Amino acid sequence: GRGDSGGGGGGGEGAVKTDVGVTAEPCKDTPNLTKGCIFLGTISDLTSGPFKALAVPITEAQKKFWERVNKAGGIDGYGVDVTTYVRDNKYNPETHNQVYQEIKSKVLGLAQTLGSPTTAAIIGDLGDNNIVSVPASWTSAWAFEDVILESGTNYCLESMNAIDYAVEQFKPKSVMAVHYPGDYGEDAAAGAKVAAEKNGLTFEAVETASGQDNQAGAINAVNSKKPDLVILTTGPTDAAVIVGQTAARGFTGKYIGTSPTWNPGLLKSPAGPAFKALYLQSGPWETFTADTPGHKNMRDTLGTGVTGNDGYTAGWVWSYPLQAALKKAVANKDLSREGLLKAVKQLDKVDYEGMLPASAGNFTGDANAGVVRETMIAKPDDASPTGVSTVKPFFVGPTAKDYKFDKPCFQS
Amino acid sequence: MTDQRSTKASRQLWGRPELYTSYGQNLRMLNTRPKQLAVVAMVLLAATYVPFGLPDEWLHLFATGLAAAIGAIGLNIVTGYAGQVSLGHAFFLAIGAYTASALSGEPGRRTIGFGITFLPVWLLAAGLVAGIAGVIVAPLATRLRGLYLAIVTLGLVFLGLHIFKEWKSLTGGPGVGRQGPVPELFGQRLDRSGDLLTGDQKMYLLTLVLLIIFAVFARNLVRSKVGRAFAAVRDRDIAADVIGVSVTRYKVLAFGISSFYAGCAGALLYAVLGRVEPDSFNLLLSIQFVAMVLIGGAGTISGSIMGALFITMLPRLTQELPTVLPFISSDVTAPLGAANLAIIFYGLMIILFLIFEPRGLFGIWIRVRNYFKAWPFSY
Amino acid sequence: MSEPASESVSLREPILVFDDVHLSFAGVKAVNGVSFEVGARELFAIIGPNGAGKTSIFNVLSGVYRPQRGRVVFDGVDLVGKPPHRIAALGMARTFQNIELFSNLTVLDNLMLGRHHHIRYGAPSAFAWFGRARREEIANRAVVENIVDFLELEQWRAFPVGLLPYGVQKRVELGRALAMEPKLLLLDEPVAGMNLEETEDMARFVLDIRDELDIPMILVEHDMGLVMDLADRVMAMDFGTPIVTGTPSQVQADDGVIRAYLGQEHPTEVTT
Amino acid sequence: MTTFLQAVAGGLGQGSVYALLALGFVIIYKSMRVVSFAQPAFMLAGALAVSFLAEPLLGIPSPWGFFLALVLGAIGVALLGLGIERTVIRPMVGKPVFVIAIITLGIDIVVRLVANIFIGLDVRPVGDPWGLSSITIGSVQVQERHIVMLVTTVLLVVVLFSFFKYSRLGLAMRAASFNQETALAQGISVGTVFATSWAMAGALAAVAGTFQATGAGIDQNLWIIALKALPAIILGGLDSLGGAVIGGFTVGLVESLVATYQGDFAPWLGQNFSVVSAYVVMLLVLLVRPYGLFGTKEVERV
Amino acid sequence: MLAVRNLEVVYDDVILVLRGVSLEVPEGKIVALLGANGAGKTTLLRAISGLLGVHEGEVTKGSITLDDEPIHRSNAARIVGKGIKQVQEGRQIFAELTVEENLRVGAHTNIKHLKENLARVYGLFPVLRDRRKRTAGYLSGGEQQMLAMGRALMSDPSYLLLDEPSLGLAPLLVQQIRDLIVQINVQGTTVLLVEQNATMALSIAEHGYVMENGKIVMDKPAKELLADEDIREFYLGLGAEGAVKSFRDVKHYKRRKRWLS
């Protein structure tokens, strides 16, 4: 038979309309929120993929975020459940699709769908079924997808800013983008290419698949071409292999990695010294320890038990727009999938509690208007809990400032 | 030599309570009444209760298992029947999956597509291309034995992985992948829900019908001259040669047929799953198929089906552990949470199972049957 | 001791010519210039010490070994260089010194395998089963049932041969060879390890095969009683070379044969 | 030339890991004709054990603390191998080898998962004192850890070979693998033979795993390296200890050289062709020698 | 003395093969065990040498004692250690090892005298010396039989259990094997000899047992067995008057045993 669609909640006149993923019974953890329960799915890299060290804190932060929302009265009396439908994608698009099929008939939307290529595998289906989803990724494709509620800048702009920064700081002549295949790495590489051209640098892109034993080609490329600057878009473990091995063979150029390439564990790895010597990290927002109200709320909610990690920061930031959209949908009295999507399209501003520039959070239409262009740069730092400290706060480089989006970067 | 059912007409097969009145009757696939009844009952159940009584999520899983079963039957043909242990099954599954994906893919996308979505076309093509690949590889098998062959076929998987990762226009590349084959029959998308049936129901019924066809064909094959020749090649190849069975020919045939099955299975499997990523066609996939064959019972078609369903369903079943055993956390990331326990349980099941009954699920069935036959005597 | 068969039975038109065949393995000369002929209805025996090269001759005949030199003409066809399954199709069948049955298969399946090249349908018909495959299976099954009757295997038909007593297995192997409808039958130590009763049974079958089915045979055996009683002609060999070929009584009396093979005592004499 | 020598140095270092792993596989194969898929798990478990032991032992001046941890870790995994052989493998003696192989796979799944839980999310340093530092010999930069690996491996191989030479075990192992019943009838305690082989293979895997983890740390995917030993053992011949060593170093060298030169000479082979180059070499060898370079040919005679 | 009392053996938990067998092998003697194929002779030897386990067999009743010490619960290696060695039926050699390696495996429990024993075996079977470096599996059938026999002698066993040692051997070699058995017996090895070649076995044994269907049906000094009418007819192939019958005559009748149930 058909899937048991949990819909049909909330009878009575003037009631909120619902279909899939919202029940009339309250959530099991929030019996006090009696209007009903909103089920949101989570598909993340939880056990063995390259981003597990990031994904686990992302998921944890989101759990805490929604707990906090529920404590504060939920979404106008509805509880939000993000723990019942949590699935592991191993950062593999095939698995991602498989587990998505498993849960899609049970949830209103996705509180997290981690990864760009993985989410790309289900994006068609998300669109067909109006399933509003929060990505855990920053590819520029999301600016063109209605159902995707992205936050912060994208890899494309992030890399432009990184190169502009490097040009200003150490005047490189050659740039190499070492990147994963797919919408993550290719997006960053596309941005790097634009910035390299604009700055008159030679540019080369080297694709490398995930997996420690797949890095030989990339290592050789870096060691034989010896670029002045490498824009790295991989996972942390592979980054350690590439940075460590190239350094061990005498590479002395600079690396700037996009934010998911970093993980505090790297400092303790054998490649730690190499990272300290060669590596900088770019990022879409300030690191865990920053001083905005949002950061503070996050740290308070997480409690003292956790060691800092920017997975938490990311998971936290990404959740704001969905909260806003749900609120708007309930206010519109339409919590159906379509209703939620309609609410998203009405969202022109999201309160990120200062974690993002005030203009952020415009989902009403034009990609160029919605996109956030600010990024920051950090460097490895043993003293900081996240292993990095900011060297250059939010800025927009000249390349990023003028860049016009008419399609995702990697498609041009 | 020409009399067929006259003179030695009635013979009693040892151990069977039935009388046969002709060789033809004796040679039937289901040559006893209980067998006939059991199979009819199973098919009815599978065709009625399952698709209309179970939720879509389970149908999806069943469809996956049924498609895998076709592949498992294929592996059983080359490994269980013809004795050539192949760890290269994933490679042939991949060839099938990509042939079908490319044929049925939408033209003009990032990956190759010809837009031929009519299912019989891409299914047959997938089988044929994989079968031809099998025939090309087979001559190696005639030179190698046992684990040497197994590891060489494993090499095939690694080489295949490399090619599939590099050939991005076909596969979409590692970590990205492409849309699987598009199952369409007479203008109907089978993987999309319609007015009458959901996508999962349709895909389930499709895989069920195809599995029955493939299983009956396989059963016919193994009880024929060809099946006997496979067994001969497996058990004693010099003796087989001396009595007139060309060892090379039948090894090649076994590889070809097995790969044909694998190709069709790969295509179907990914039509069900929806997305193909080149890294999936790895050693683990091959080994899972070997496990299906062994757990089901090498050298039995029904065993392969049981094994395939078992191996595909087990991970999902272990996910239900927290509902049965409340002390297990359902938190995916907890060290001893359901996700981890499910994997441990999966490993333990395989171990315990094969220790307890190395002949597999089929062996358990035989035991049960013998027990009731011999009951109440021991010896 | 009975009289050897009369000359008339043996040397007409030979079915097999084995001509100056040489085969060696890294220095061991297993077959070293052996020549002999087997007549169209003859029961020809080869005897010789262990390692003399008897089995090697069989292996050359059935194509398992390729001789370095020499000619083997069977029914007008030169066999050297032909693969075993082609030779089998020409009508050469054999049993093995160590039983080489397919022990997981039933007696019937083993016998049906003997019919392999008489069954013509291919894989496509096999898949479909109904029609050609079924027809041929039934027809050949009838032939196999005749052999079951002939060798008195009725009670074992549906057993996997691995479970059968040794003597019965040897009989099944003979049956498998017969199922091939051979023009020449090679028997390698058919009664080794058998008790008297089973040996007698086997002797009976060998005689029946010759008398009723008219199949010429080459017999390798260390049971001198059997060889001397049944064979038309005997070739004794040592170290890959023939010592003497002749009637059983001639060979038995040969000094060289006694020295190399039979020893002083006659094996079938008993001192009470 | 420098590039070439550098590639050779790296290849030999990495090759020693493959050689140790291959030896483990071969020892088990030699005694029971089974390729044990549990080796990857033992490798992971070994590295993990060493990483836990190395921390407290690092009080002992640096390399010695690490070596002590290595020895203890190897012994620990040897015991683990012994225990698993006794409880899980022994009941299967005499069953089809492929069934046993799949059981070893089950063992691998279980052991590896338990190890994963201990590894946690981050990459775990194994506690070696060398890191990625290297020394320059002539014009060639050689990683210190590669030198240590190579030397240790050569020592282990010498010890192992003399053990097999001067004990009855080597022959008893082969006898047991070819025919258990007959080996028993000769008075060989087949159980002891099996247990010993699993313990030895476990210890070798532990050392290999630890070596592999120097330079990059322990990650859940460390075990994949163990699969590189498969072309090595086929290359050398499944039941030849010497073959395993030669095969292991060959694979290491081939990989390293292909990684260095293929990009310039045959880029069309694809970027990470070096990863599969060992399999290509293996296939080429098998075309000529179906039992590898030194493997025992299966006897078939009718 | 090796003594078997009331032994019952079951295969696969269900197939009862030995049904209460008792038999004695006094030290220093040669004892022959005759019986039809499938009677259970090999099973009895396996039970003594501890090799039932490999075949899923099990002693369910009765006992086997060596000098009054029970051994039917010991493992094979320990039994060999006590000096009981079985030559398995049907040329169980290590096909992939060389001839000499086979012999060295035979000396596993007695490597001290490896050199002498090797010389002794090569003396007994000169062919084996010639084939020393060859892969044993390629030996001819008879040569393999010699190798199996020679291998057993490598450990100087005090009890030798021989399972059809004459199988497939040339007549001359059968005589040699017979002499050899006598010779090693004189040197102090006790022998339990299972044979289809009853003539040969009874000509050297002191005592003989006849087994049918898992039971001992006759048990007499060898001399008396040779005189027994049934034995003469069914095991020795002698007619009533002591004349050897021709196999040519087998067509005309089929013998049936009388003493069986």
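First chain written, first letter: the chains are A, B, C, D and E, and each begins at residue 1.
Just so we're on the same page, contacts are C-beta pairs under 8 Å (C-beta built on N, C-alpha and C of every residue); 3 or more make two chains touch, one makes a residue touch a chain.
Note that this is a predicted model, so its numbers are computed, not measured.
A.B. asks: Using the contact definition stated above, find the chains touching both subunit C and subunit D.
C.D. replies: Looking at subunit D and subunit C together, the chains touching each of them are B, E.
A.B. asks: Using CA atom means as chain centres, which chain is nearest the centre of all the protein shown?
C.D. replies: B
A.B. asks: If I rank D-E and B-C by number of C-beta contact pairs, which comes first?
C.D. replies: B-C
A.B. asks: Indicate the whole-number Å distance between the mean C-alpha point of subunit A and the mean C-alpha point of subunit D.
C.D. replies: The computed centroid separation for subunit A versus subunit D comes out at 39 Å.
A.B. asks: Measuring centre to centre with CA averages, how many angstrom lie between subunit A and subunit C?
C.D. replies: 78
A.B. asks: Between subunit C and subunit E, what is the separation of their C-alpha centroids in Å?
C.D. replies: Centre separation, subunit C to subunit E: 28 Å.
A.B. asks: At least two other chains touched by the same residue of subunit C: list those residues.
C.D. replies: In subunit C, residues 55, 64, 96-98, 100 touch at least two other chains, as defined above.
A.B. asks: Two or more other chains touching the same residue: where does that happen in subunit D?
C.D. replies: 116, 271-272, 275, 298, 300, 302
A.B. asks: What positions in subunit A touch 2 or more of the other chains?
C.D. replies: In subunit A, 47, 56, 207, 209 touch at least two other chains.
A.B. asks: Enumerate the contact residues on subunit D facing subunit A in the complex.
C.D. replies: Those in contact with subunit A are residues 6, 116, 121-123, 125, 128, 131-134, 141, 143, 214-217, 219-222, 224-225, 228, 255, 259-260, 263, 271-272, 274-275.
A.B. asks: Given the complex with subunit D, which residues does subunit B contribute to the contact?
C.D. replies: 85, 140, 143-148, 150-152, 154-155, 158-159, 161-163, 165-166, 237-239, 242, 283, 287, 290-291, 294-295, 298, 335-336, 340, 343-344, 346-351, 354-355, 358
A.B. asks: Taking the touch rule as given, give the residues of subunit E at its contact with subunit C in the complex, in rising order.
C.D. replies: For this pair, the touching residues of subunit E are 36-38, 90-91, 127, 131, 134, 138-143, 145-146, 164, 167-175, 196, 199, 203, 226-227, 234-238, 242, 244, 246-251, 254-255, 257.
A.B. asks: Help me check something: in the complex, which residues belonging to subunit B touch subunit A?
C.D. replies: Of all residues in subunit B, those touching subunit A are 51-57, 60, 165, 168, 173-177, 198, 201, 273-277, 279-280, 331-333, 339-340.
A.B. asks: Using the touch definition up top, name the residues of subunit C that touch subunit D in the complex.
C.D. replies: Checking each residue of subunit C against subunit D gives 55, 59, 64, 96-98, 100.
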